[in-house]
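Consider the two complexes below, in which chain A is the common component and chain B and chain C are the respective partners.
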Partner chain A sequence: MFTPELFAQALIAGVVIGVIYALMALGITFIYSIVKMINWSMGEFYMIGSYAQYLIVVYLLGPNMWWLAAVLSALSVFLIGWLVEPVLIKPMFTGGIERKDDYATVVTIALLLLLRNLATAISGPYQRTPGTTLGAVMLGPLPESGARFAAFLCALAAIALFYVLLRLSWLGLALRAASQSRVGAQTSGVDVLALDKIAFGIGVGLAGLAGALLAPVFMVYPTNGVVTTTKGFEIIVIGGLGSIPGALIAGVLLGIAESLGSTFIASAYQNAYGFLLLLAVLALRPSGLFGERVRQA
Partner chain B sequence: MRSLKFAAGFGALIAAVGLAAHPTQAQEPITVGLIVPLSPPGDPTAGQLIRRGAELAVDYYNGKGGLLGGRKLQLSVQDSQGRPEGGVAAYRRVVGEDKAVGVTGFFHSSVNIAANEVAKTMGVPTIGTQTSAADITAKHYDIAFRTHLIDPLRVVAWLSFMQGKGFKRVSLVAETSDYGVGLITETEKQVKDKKLPIELQSMTFDRTSTDLTPQLLQVKAFKPDLLVNIGVGAPMDLMIEQAATLGITPSTPMLVSYDAPIRPQFWQLHPNTGDKLYFIAYYSPKQKLSELGAWFTKAYEEKYKESPVYSSLNGFGDVAILAQAIEQAASTDPKAIINTLETGKFAFWSSGDVTFPKSEGVFWHNFSPPVLILQFQKPNQDWKEADVALESGK
Partner chain C sequence: MSVPILETRKLTKRFGGFLANSEIDFSVAGGEIRGIIGPNGAGKSTFVNLMTGVHPPTSGDVLLSGESVIALEPHEIARKGLVRSFQVARVFGNLTLLDNLLAPHLAQTLGATAHRVGLDKARRLLDLIKLDRLADHPAKALSGGQRVLLQVAAGFMMPSLTCYLLDEPFAGVNPVIKDTLMDLIEAENRAKSVSFVVVSHEMAVMRRLCHKITVLIEGKVVAEGSLDEVAARQDVVRAYLGKGYA
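And now, the complex of A and B:
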């Protein structure tokens, strides 16, 4: 049943959820571009961010200071990433490991299982929520929950801030150099091993921020990162591995495809529309919308 | 000669050590398989609650000295994740590797249905703890038993409720599982067969969906008198919140298709949106507990500092039924247990015995609890004080 109002509502809903997914994808693609590995445990850092948000809001700051709690949650996850990287990831570059991709896969999946089971053992059977005091808002013709809209705005702000950091700061310059050529950057005097720590921390921090912002929307439980991780990986394939603008645009496209498909075709196949988009993009541009072909020795 | 004596003595010593190291058949524990959802897309809260009940049943029987002359009862717990393939793998593991003599704990119908297809071959009986799809017992498999409400009866109850309230337009929004699709199909069938004056809008969603806005926008456009929420776990909670955000509820009432609102965390998750919600429940606060049920309630409250809910009660009851069947059969042979389940009577948490007659149709090997539809009257209300909008048989 097509009406212009229904179309507008579905479109807006798709854009909102797409930007939120893009924040998750950004973390994955950023880590890949610097450290040259896929972190399969991103969903678990998202989950840690959501638990941190719950604990800080419920036991320390209260629901009105959700924004400060989100910043603190993201920083805590950044710190965890900062501490984990030298133990698990650094050996890829200093330990004489030959098959780096296999090592990264095994190690990050092991981390995924550890964190997920630890959370299940500690948190018990119940889902939780930090709650929200934000009321519903009207986005044009679409009523949207205040928490979801706040997550959308904060995700946009985080993506914008991240882009500015990369473009206008010395750290950003070093990170971009390392993403283009680790050897070249190292030759220029950049400590790439230190950069790896920062990049890993920032990448998982972005996932933690997504988890914190979405805690009142998707709730807090040990496996709440699974679906957003899947969407994140879909997005980086559509947008192109290592491309930050690609992650944002692909996220929005994915959200719109799922929303319009569910509304006007069949709601049961919501996730399938995203995969159809993925297949279409790969058929036309195998490296993704903004990905680049690389040659590796 | 001396060397022969030495060899015989040494052999006897080895045999004695071997016997001491491995328990005899008489001392071997008896394993019951518990297949529950412990992670999404299943409902992990339900899985954990069922597990609590099952563990207390094991404590009860071990505290009484075990079964069959002192053999300890133990659980083999497996996570089905609410997926059929997870249930199949779990069943094969508990029966093939852990030698379970009975398997229970099932919460998701699709998992129970899939596991029963394997159980049909492997021969170890299953008891559905909180699975309601008709196919679980309608196929008349020898191994299939259930102590829960069947979906056709759930649909009878809610259609009766809709007629009583005068609802003419009803939206059903269901997850794409055997449970969700089965309830939509059964509702449409009963409306058609009974020629009820109810216009239905039915739609489904993937259980991993993180946004039900597309479905709920269509519901809003339909302007129903009632929205039936046939999600399980996180999607059910998401629908409650998003329906309120889109302005569908509270002006349009919502009926939740199972008893999630009785769980302790419900009001923490929905402090502003849970008021006036209708939901299905499977036992009445006025219902009498058996001696077994009273023991369980006391033990549960001591351990968990909260009252047990239906999932835990049934988890306890099903392991207790298997334990009684083993004792009555005086055997751990699955065929003997199945025969005893079909012919025996078993104490349960509610008063009155449980039997599993070979009845016609979906009532084969089934014990059904009553169906109630309750409605919260105010925020943070204890479910035991909710209004009873409908009680089956009354």
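And now, the complex of A and C:
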């Protein structure tokens, strides 16, 4: 049944979850724009982030310090990414700075399998939760889960921080330059290989943050990254690969489409609505909402 | 005699069976503007790529102020002062003109005043190349010739710059921009005694800028001297015009 209140609630719920999805998409698109490859193991870094959150909350800080735990979880995932890139990704790009991405992409699929099975071996297939002490929040007359809303606020803060880093810092300028021309940046004196490590770390760190924030909402288990990764890639296709505003707007659109669809049509098909949106965008704008057609040199 | 700013010793590059550069011995003095000419496919761009670390040489050595740079990464070579431009201008399309110029400056100098110093310098350069009114526009809005200007100017932003390799900076550039570019090169050469190596086909440009010309044919240095000297050489004319003309 359609009422304006229900519509507003579904809309807000959609925006809230959409912004968190966008974190994931931002990570994928950011790694692509610098390192020039698709990282298929994003969901596993999301998973590591959620386990880190679980461990830190349960064994160290307690549920009241969830926000500090989320920051620490994201930082540890950043560190893992920063260490993994030079060992696994960089050696795949042989022969200079202008590189092929195929091997690196396949390596991330292998990494996905390794991490997922490692998690199963270590923690078993059980679903865990760090728990939350946050009660429901009233948005106007409408209730929203406290943990979800907190995750939303943190995701917004992380996106704002990411934007400031990219726009106002020297590192951001170097990253933006490298995303335009790797050789150009390198011959300007920028150490592009060092940037690759940082970009990979930041990208998977964003996924880790999403995992940490959503740990009390979607639970912690070895394959919990699958759904959010799928959504991350849907968002990338909708928004256009390589576009940061595209990732944000498409993330929110996807969240709204899912939320409205499951409220007013049928909640069983929640994951299908995003794909319908995806198909519509592909039919109308094949390069995505903000995508640029790439000219192959 | 003082140590040359840039020197190559038996620099060689083989692509499979094709010998692109063959034992090139080459030396540029501090403050010199050197020209490199040669017909298409003579190995000029390969030579520039080898010297700046973009491609590894098969054998031979490159020395910058007497110090070998062969084992260094391209960004390390640039930071040591050997800077280059590309034949197809590699500007950062989505960055503003100012940011395009700031990037190479900040790649070498960080600190509290670096940003302001870089900004001042960038605005001065944009003035010189007459692109100041586009300072806050993205570089992808520029024409081909303006891109070349911006790219060459970006090299001057590097604080360490001592030797600048310009790979065909005048190709497809209109006469006004060509003049601007030559003025810029001469000004930086006089003011800071920056050395230049200019690869070009434009004989008028070569005559005005370069004290000495090196002729590269089929990957080898075949002549060196003033433009008139090398133009008088039978083998040079033959390589350019075909066997029937000499």
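Criterion: the second predicted complex is superposed on the first by the 287 of 297 C-alpha atoms of A that agree within 3 Å, B and C clash if a C-alpha of one lies under 4 Å from a C-alpha of the other, contacts with A are read in each partner's own complex, and residues count from 1 in each chain.
The definition used in the following text is that a residue touches a chain if its C-beta (ideal position, glycine included) is under 8 Å from a C-beta of that chain, and two chains touch if they have at least 3 such contacts.
Note that the coordinates shown come from a computational prediction; the quantities given were computed from them, not determined experimentally.
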Between chain B and chain C, point out the one touching more chain A residues. B
Looking at the overlay, does A:Trp170 come into contact with chain B only (first), chain C only (second), both, or neither? second
Chain B versus chain C as contact partner of A:Gln270, first or second or both or neither: first
Can A:Val183 be said to touch chain B (first), chain C (second), both, or neither? second
Output check: A:Ser259 vs chain B and chain C. Expected answer is one of first, second, both, neither. What do you get? first
Residues on chain A in contact with chain B in one complex and with chain C in the other? none
Counting only contacts in the complex, chain B reaches chain A at residues 38-40, 44-45, 47-49, 52, 176, 203-206, 208-211, 213-215, 217-218, 221, 234, 237-238, 241-242, 245-247, 263-265, 268-269, 271
Looking at the complex, which residues from chain A come into contact with chain C? 96-97, 170, 173-174, 176-177, 180-181, 183-193
Of all residues in chain A, those that touch chain B in their complex: 1, 3, 6, 9-10, 13, 17, 116, 120, 124-129, 131, 136, 142-145, 148, 217-219, 221-224, 226-228, 230-231, 258-259, 262-263, 267-271
Residue ranges of chain C touching chain A (in the complex, touch as defined): 52, 54-55, 73-75, 78-79, 83-84, 86, 90-95, 99-100, 102-104, 106-108, 110, 115, 154, 158, 160
